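Here the structure is laid out as C-alpha cells; the discussion comes afterwards.
Naming follows writing order (A, B, C, D, E and F), and every chain is counted from residue 1.
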Amino acid sequence: MASHSVIDELKKTQILELLEQGKRVDGRALDEPREISIETNAIPKANGSAKVRLGDTEVLCGVKIQPDRPFPDMGDKGIFICTAELLPLSHPTVETGPPQPHVIELARVTDRGIRESHMIDLSQLVIEKDKSVVGVFADIVVIDYDGNLFDACSYAATAALLTSTTPKWTMVDDKPTLVDGEESPLPTTTIPASVTMGKIGNHIIVDPNGDEWDSMDARITITTNSDGNICALQKGGSDGFTQEEIVQCGEISVRVGAKIREKLKEAQQGSQ
Amino acid sequence: MASHSVIDELKKTQILELLEQGKRVDGRALDEPREISIETNAIPKANGSAKVRLGDTEVLCGVKIQPDRPFPDMGDKGIFICTAELLPLSHPTVETGPPQPHVIELARVTDRGIRESHMIDLSQLVIEKDKSVVGVFADIVVIDYDGNLFDACSYAATAALLTSTTPKWTMVDDKPTLVDGEESPLPTTTIPASVTMGKIGNHIIVDPNGDEWDSMDARITITTNSDGNICALQKGGSDGFTQEEIVQCGEISVRVGAKIREKLKEAQQGSQ
Amino acid sequence: MASHSVIDELKKTQILELLEQGKRVDGRALDEPREISIETNAIPKANGSAKVRLGDTEVLCGVKIQPDRPFPDMGDKGIFICTAELLPLSHPTVETGPPQPHVIELARVTDRGIRESHMIDLSQLVIEKDKSVVGVFADIVVIDYDGNLFDACSYAATAALLTSTTPKWTMVDDKPTLVDGEESPLPTTTIPASVTMGKIGNHIIVDPNGDEWDSMDARITITTNSDGNICALQKGGSDGFTQEEIVQCGEISVRVGAKIREKLKEAQQGSQ
Amino acid sequence: MGGREATMVLLDENGIRCDGRKVDETRKITIKAGVLKNADGSAYIEFGDNKILVGIFGPRDVHPKHMSDTDTGILRVRYHMEPFSVTERKNPAPSRREIEISKVIKEALEPAVMLEKFPRTAVDVFIEILQADGGTRCAALSAASVALADAGIPMRDLVAACASGKVADTIVLDVNNEEDQAGQADMPIGYMPNLKKITLLQLDGILTPEEYKKCVEVGVNGCKIVYELQKKALTDKYFGNGSD
Amino acid sequence: MGGREATMVLLDENGIRCDGRKVDETRKITIKAGVLKNADGSAYIEFGDNKILVGIFGPRDVHPKHMSDTDTGILRVRYHMEPFSVTERKNPAPSRREIEISKVIKEALEPAVMLEKFPRTAVDVFIEILQADGGTRCAALSAASVALADAGIPMRDLVAACASGKVADTIVLDVNNEEDQAGQADMPIGYMPNLKKITLLQLDGILTPEEYKKCVEVGVNGCKIVYELQKKALTDKYFGNGSD
Amino acid sequence: MGGREATMVLLDENGIRCDGRKVDETRKITIKAGVLKNADGSAYIEFGDNKILVGIFGPRDVHPKHMSDTDTGILRVRYHMEPFSVTERKNPAPSRREIEISKVIKEALEPAVMLEKFPRTAVDVFIEILQADGGTRCAALSAASVALADAGIPMRDLVAACASGKVADTIVLDVNNEEDQAGQADMPIGYMPNLKKITLLQLDGILTPEEYKKCVEVGVNGCKIVYELQKKALTDKYFGNGSD
C-alpha cells in the first residue's frame, strides 16, 4: 500500500485526462452517484437491517436494539452506537486484526453523520431514567469494495434504522423486562444523507468508485438532514481544498443529498 | 513448525513400518494407553488439584472454587470454567503470548468433555438464585510435553474435581459470605474418561506419544461417562476417517475409557 | 539498544577515568544531585500537578481525585494509583505501544516509594465504608529524558500530591455526590524523598545523568521518609553491590534525601 | 447441550419436528457460487435461517515469509460472526469459540484441497456468518467447499456437511437451533462423498454406542444430500441454470 | 454537539460571549518553538486553557522497512491525551477518538510538508495534550506546524488552525469548551495562508447553507490570526525576541 | 507492607514466630535439580509452602534476530503465577507485578551467568509459581540458579536468595506470608556467596538506618544457608544421594 505502482499512475493519468474533458471513467456526470440499490430486512433476526449496493461496493448493516445502562450524566437518553468493519473477503488488501485508523475513521464519520442529524430521538428510548435505557447498535460490514465506503455505510445504517422496530421493556424487580408483542418503529426525526466528493486535480466528483478513490488528492464527506441543512462534514486525504471548493461541495451535498434521501424514503416505504 | 524435517519423515516411516507389523515404537499394543500416574492434592492451597503423568507428558490442574455472578438466564446453575496453558518450560517450541488456536482447542475440548458428561451437578452450586452462585475454575498447566495433551488434561481436571472440597457461602448484606468450617465434596454425578486415538496410515492407535503425535494423519478424542455412553467427541488433524473407523473408535473409547475410569476412581479414593 | 556502540564504550571509559580522579563529567560531587526545579500547579485543571526538571530530565505529574469503589477487603481505605509513561517525544528511542518492562518498573518503584512511606493518609479518604472511597491518581509523563527517571518521577508525584486539593463528596441516593465549594488539602503525613545512586566500577554516584546512566553497572533507589528512616528500596542493573556498598548507599540516601525534602517543602509552601 | 427442559414439542406423535420437518429431512438449503466481485472465489449459503457468505483469496504470497511452507501450500480459515448475526448482539472481538471452529473447519477442508500443488503460498478462506440459526459450522463448511471450487483451487472432492443429533430420544438429521438448545445431542459431520472420508466430526451430548453409530450414519446421509446441492450450485454458475 | 440546554448566557445583548470575548475574537494564544532538548524540533502552545506540547523526530529510518516508501517520505502523527488533561481522568489506553484525530491531523499536515525530499524515511509528530479545553485539534495542528519548521523539515507553508462555530444562533470564532458543549455547531479548520488551501475541515452540528459559508469564512480568518503567531514563535526562536 | 493490624501473635515472649520458627530460622527448604524431561535444565523448590518450578532452554537462537547481541548472550526471564497458586484465583493475564519481578530476577541472575561465552544467543529462564506463600521471588531466584547450573550454563557463582524483614519490631529471617501481611518490613535479598555480591535487593516497609544495616546482614546470612542447599541439590543430581 505504501508505494503507488506504475499501473496506479497510468490509471490516475487516464482518469485525470478524461476529467479535463468533463468525463468520468464509467461515463457518469461529475455530480452523479452510482446506481444505488437498497434491500431492507436482509437479516430478519435483527431489529432492522439493510444491504446496500453502491455500484460494486456492497455493505450490510444490522441493527440490534437491547436494554443497556445509560452513559453517566446522560440518564435521560438512549444509546446509539455505530461500528464498521471491512470484512477480509471484501478486498485482497484487507487485513484481519485490530481495526486500522481508516476503518476507525469510517465508523466514526458514519456514526457522526447520523448522530449530529439527530435522526434517532434518543429521548424516547428511556426505560427508567438514570437506570436503564434502550441501546441501538448499528453494526456495518463491508462485503465488496469498490470505493466510497463512507456513503455506502451511511445509507446502509440509515436504511436499517428507518426500518427498525423496537421492542418494549419495563422495569420488573429493578431489571428491564420485555413486554411481549409491543413493538413499534424506532423513533426517527429526519433522514441524513451523506455525499462524498473526491478532488482529482481541480475537479470535484461525487461518489468516487474504486479507481477514482485510489487517484484522489483529497475528499470531503458532507451529510445533510431532511431540512436541507448541513449537519456533519469530514475532510480527508493528503491535499487541501480552496475555500471556494469547500462552498461548492456544500452546495453539491445539499442537491445530491436530496435525491439520495428520496431513495432512502422509498426503501423505508417499501419495507412497510 | 511449518515444514517437516528429514528426521521427522524418517521417524514417521519407522513408526508406520512398525505399525504394519502391529507394533508401536514403545512396545505398546495399539489400544494401550501409556502408564498413568495421578497425584492428587498436589497444590494444598487449591480446593482440589491433581498432577497427572501420562508417559512423559505431565500436567497439573488446580481447582479454585469461589462465589461468582451467574450467567444471564442461568441463575439456577453454578459456573464451571476450564482453561489450559502450555507452559513454555514444557517444550522448546512453546511460545509465550496469547494462546494459539491449538491451545484454545485443547482447553475447549477438555472443558466440553467434562461439561457434556454433566459430571458436576451445577444445580447444587447456587448461593442465591439469580444473584450469586459458586464458580468452579479448573486451570490446567502443561509441565512436560510428550504427546496427547487432550487425555492428560482431561484426567488431571477430572481427578482434581473428584477430590475437590467446596466451602459454603450464605448471603449476608447481599454479599456471599463464607460459612466457616462447612466444607463438602464438590457434587459430582459421573466420571468422564477421555480417550484420544491417532490415525497413522490405516492404523488407529490409542494415546499417541510425542513422536506418534507428530506422525499422525488425523486424531479423534472421545469422552465417555460412567454409563459407558459417549458424551463428547472431537476430530482433528489434516486427514479424514472412514465411517467404519469412526464406529471402531467409538468402541475403543468405551472399552479403554472404562479402564481409565478405574484409575480415576482409585485416585479419588486414595485422596480420601 | 541491544549492543553498545563504540561511542558508548568511549564515553564509559571517559566517565570511569574521571571517577578514578573523584570527578564527574558535569563537574558535580559524587553525592550531588543535579539542579532541581519544581513548578507546581502546572496543570490548573488537575487537582494537583507539578513539573519537575532534574538537570535536563523533565517530567510532569498530574493528580486526579475522584470517587471510586474500594478494593475488596479494603473498604476503610482510599485508593492511590500511580502510573508513569515515557512520552515518545522525550527521546528518539522511546516506542509507542504497550509499556516496556523498564517503564512498568519505573511506575511501580515510584508508586511504592510513596505508598510505603504512608505519605497519603488513605484512612481519611473514605466516603462511605465498603461502598465508596476517594481515588487518588498520580499520572506521570516524561517529557525530556536525561537519565534518572526514578527520582524525577518521585519528586514530581510527591510535589503534585503535596499541593493537591481534594473535593468533598457525600452519599446521596447511594451515589457519591460532590459537595460544592468544600475543598481541602490532600491529607499527607510525611514527605518521601527518593535518592537514586549508580555504581560505575567501584564508584557510587548520586543522580546519574543520561551518559552516566548508560555507563552504570548497577543502580539502587532508596526512599526515606521525614523521620530519616528508609521505607523503600529497589536494586537494578546487571551487576551487584557489596554489603558495605549497600550500607553506604543507605547512608547517602538519608543524607541527600534530607536536602531533597527541603526542596519539596519549599515547593509545597510556594504553592500556597 | 444445555440439557434444558423442552417447553415445546420437539417431535410429535406423527414423527414431525418442531419446524414441520421429518426426522431425516434437512432444512431448506440454497447455495450460490460466485457472489462476490473482488474475491477469487465465493459462495453464499442459506441453510434454514443460517445466512453465510464465504470468500476465497489465493493461492497468494504469505507474509511473513517464515509462515509459508516450501513443500506445500497452506490453508488459512477465519470463521467470523457478525455482531447482528445472533439474538443477543455479539461482542465484535473474536471469541474462543470462533477460533476453535476456524481450526476445525480448516482441518475439515485440508484433506480435500490439493495443497501440494501450490507450495510456498496460502489460500485464505473467509467465512462470514451473517445470520446464525444452529448448525453454522456445517453450513459454513459446505459453502467454503463450493467457494474453493469457484476460486479454481484444485480439489480432490467437495466436503459436504450436515449435523445429525438426538432429539426427543430419536436420532434426527440437521438439528436446528431450538433442537440444539433443548435436545440431547448434536453431531456436526463433514464428509467427502467420493473419497468416503469424514473430515469433520464433533459431538456434544450423550449417546449410547448404538445411537452413536446411527447418528454417524444419518449424518453421512445428510452430507450426501448437501453434496448434490453443492454440485448444482457450481453447475448453475459455470453452465447456467436458465434463471441466472 | 450534545444539543444540551445552555444553562449560562452564551452570548449577551452586547455580543459578548461567556468568557468575555467578542464573536470574532480568539482566546489568548501563546506559541513557543524549540522547547525540548532531545526532540529534533518542538513547540508548546497555550490556546485558551489548552496546553499542548509537540515533538518531532526525523527524517529517520522506518522499521519495519516495508512500511517505508521508496518514492517519498512518510509522516506519522500521534495525538495523545494525558490522563490528567480532562475533567474526568482519561483511561490511558488510546481511544478511537485519538486515533481518528491523529489521522485527520496527519492529512492536514501532509500538503504542507515536502515529503518527496526525504524518500524512504519518516517524520514523527508526537502531540501531547497536557490540558484540554475545547479545540485541541486546531491548537495541536498549529503547534505541530511550528514544531516541524523548528525541526528544519522543508515545508511549503505553515498550517494554521482555528475553529469557528454556531453559538446562540450566531457564527463565532474559536469555540471554547462551554460553547462546544452547549452550542449548535463546531467547525475546526486548518488552513495554509500562502497556498490558500484548507487542509483540515470537520463539522459537528447543524448549519444552513448560508451559515456554512459564513462559518468557513470566519474560520479561515481565524487561521490567519494564528498564522501570525506561528511566524512570531519561529522568529522569536531563530532571531531572538529580546526577552528569551 | 499493608500496615494492617496483626490479629495473631507474630513473635511470642520466647522469640518464637507465628509458625514456630526462631528469628534467624528459614522455613523448610527442599531443592531438586533436573526434574523436567524436555527442558535443557530445571529445578523444583519447596520453600515453606511455596512450590516453584523452573525450566531453562538455551543457549539458543534469538527470533527476531535484531533482538540478539553480537557481543554477548542475553538472558530472558519470565516469572509466572498459575491461576491456582494464590488464595483468590489469579487472572491468567500477566500482571504488572509479574513483569517487574521478571526484570528484577533477570538482573539478579545476570552477574552470575557468563553471558559473554555465548554471543548472539539467548538463555530462557521460565519460572512457574505453582503455589505461593510469601517470598516467591527469593525462592524462584534460588531455584533458577540451580536450573541454570543444571542446564550446563557457565556460571561465576550461584545466586542464593532469602528475605529478611521486620516483624513485631524485630529483624527476622525469611518473612512468611502472614508476617508479610501483618509485618513492618520485607527485604528480599539475592547474594552470590563466593563473589560476595548482592544482586537482588528490594525493600517495602520502614526501617531505621540501624535496622536497615541489620536487615541486610541477616538476609545475607540466610542466603548462605540457601546456598548450601543449592549445592546439595546439584550434588545429589550429579553424584547421586543414595535415595534418588
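Keep this in mind: contacts are C-beta pairs under 8 Å (C-beta built on N, C-alpha and C of every residue); 3 or more make two chains touch, one makes a residue touch a chain.
If you're wondering where the values come from, they're calculated on a predicted model, not measured in any experiment.
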| item | value |
| --- | --- |
| Repeat of the A-D interface, chosen from C-F, A-E or B-F (over half of contact pairs identical by residue number) | B-F |
| Inter-chain centre distance, chain D versus chain F - centres from mean C-alpha coordinates, in Å | 52 |
| Where chain C and chain D are represented by their mean Cα positions, the distance between them in whole Å | 58 |
| Averaged-CA centre spacing for the pair chain E and chain C, given as whole angstrom | 32 |
| Cyclic chain order - from chain C, heading first toward chain E | C, E, A, D, B, F |
| Complex contacts: residues of chain E adjacent to chain C | 36-39, 42, 49, 51, 53-57, 60, 78, 80, 82-89, 92, 124, 126, 128, 130-131, 133 |
| Partner chain B, residues of chain D touching it in the complex | 1, 3, 66-71, 74, 96-97, 99-100, 102-104, 107, 110-111, 187, 192, 195-209, 212-213, 216-217, 220 |
| Interface residues, chain C side, partner chain E - complex | 42-46, 49, 56, 60, 62-64, 66, 83, 85, 87-92, 96, 137, 139, 141, 143-146 |
| Complex contacts: residues of chain A adjacent to chain E | 2-4, 101-102, 104-105, 107-108, 112, 116-118, 220, 222, 225, 228-243, 246-247, 250-251, 254 |
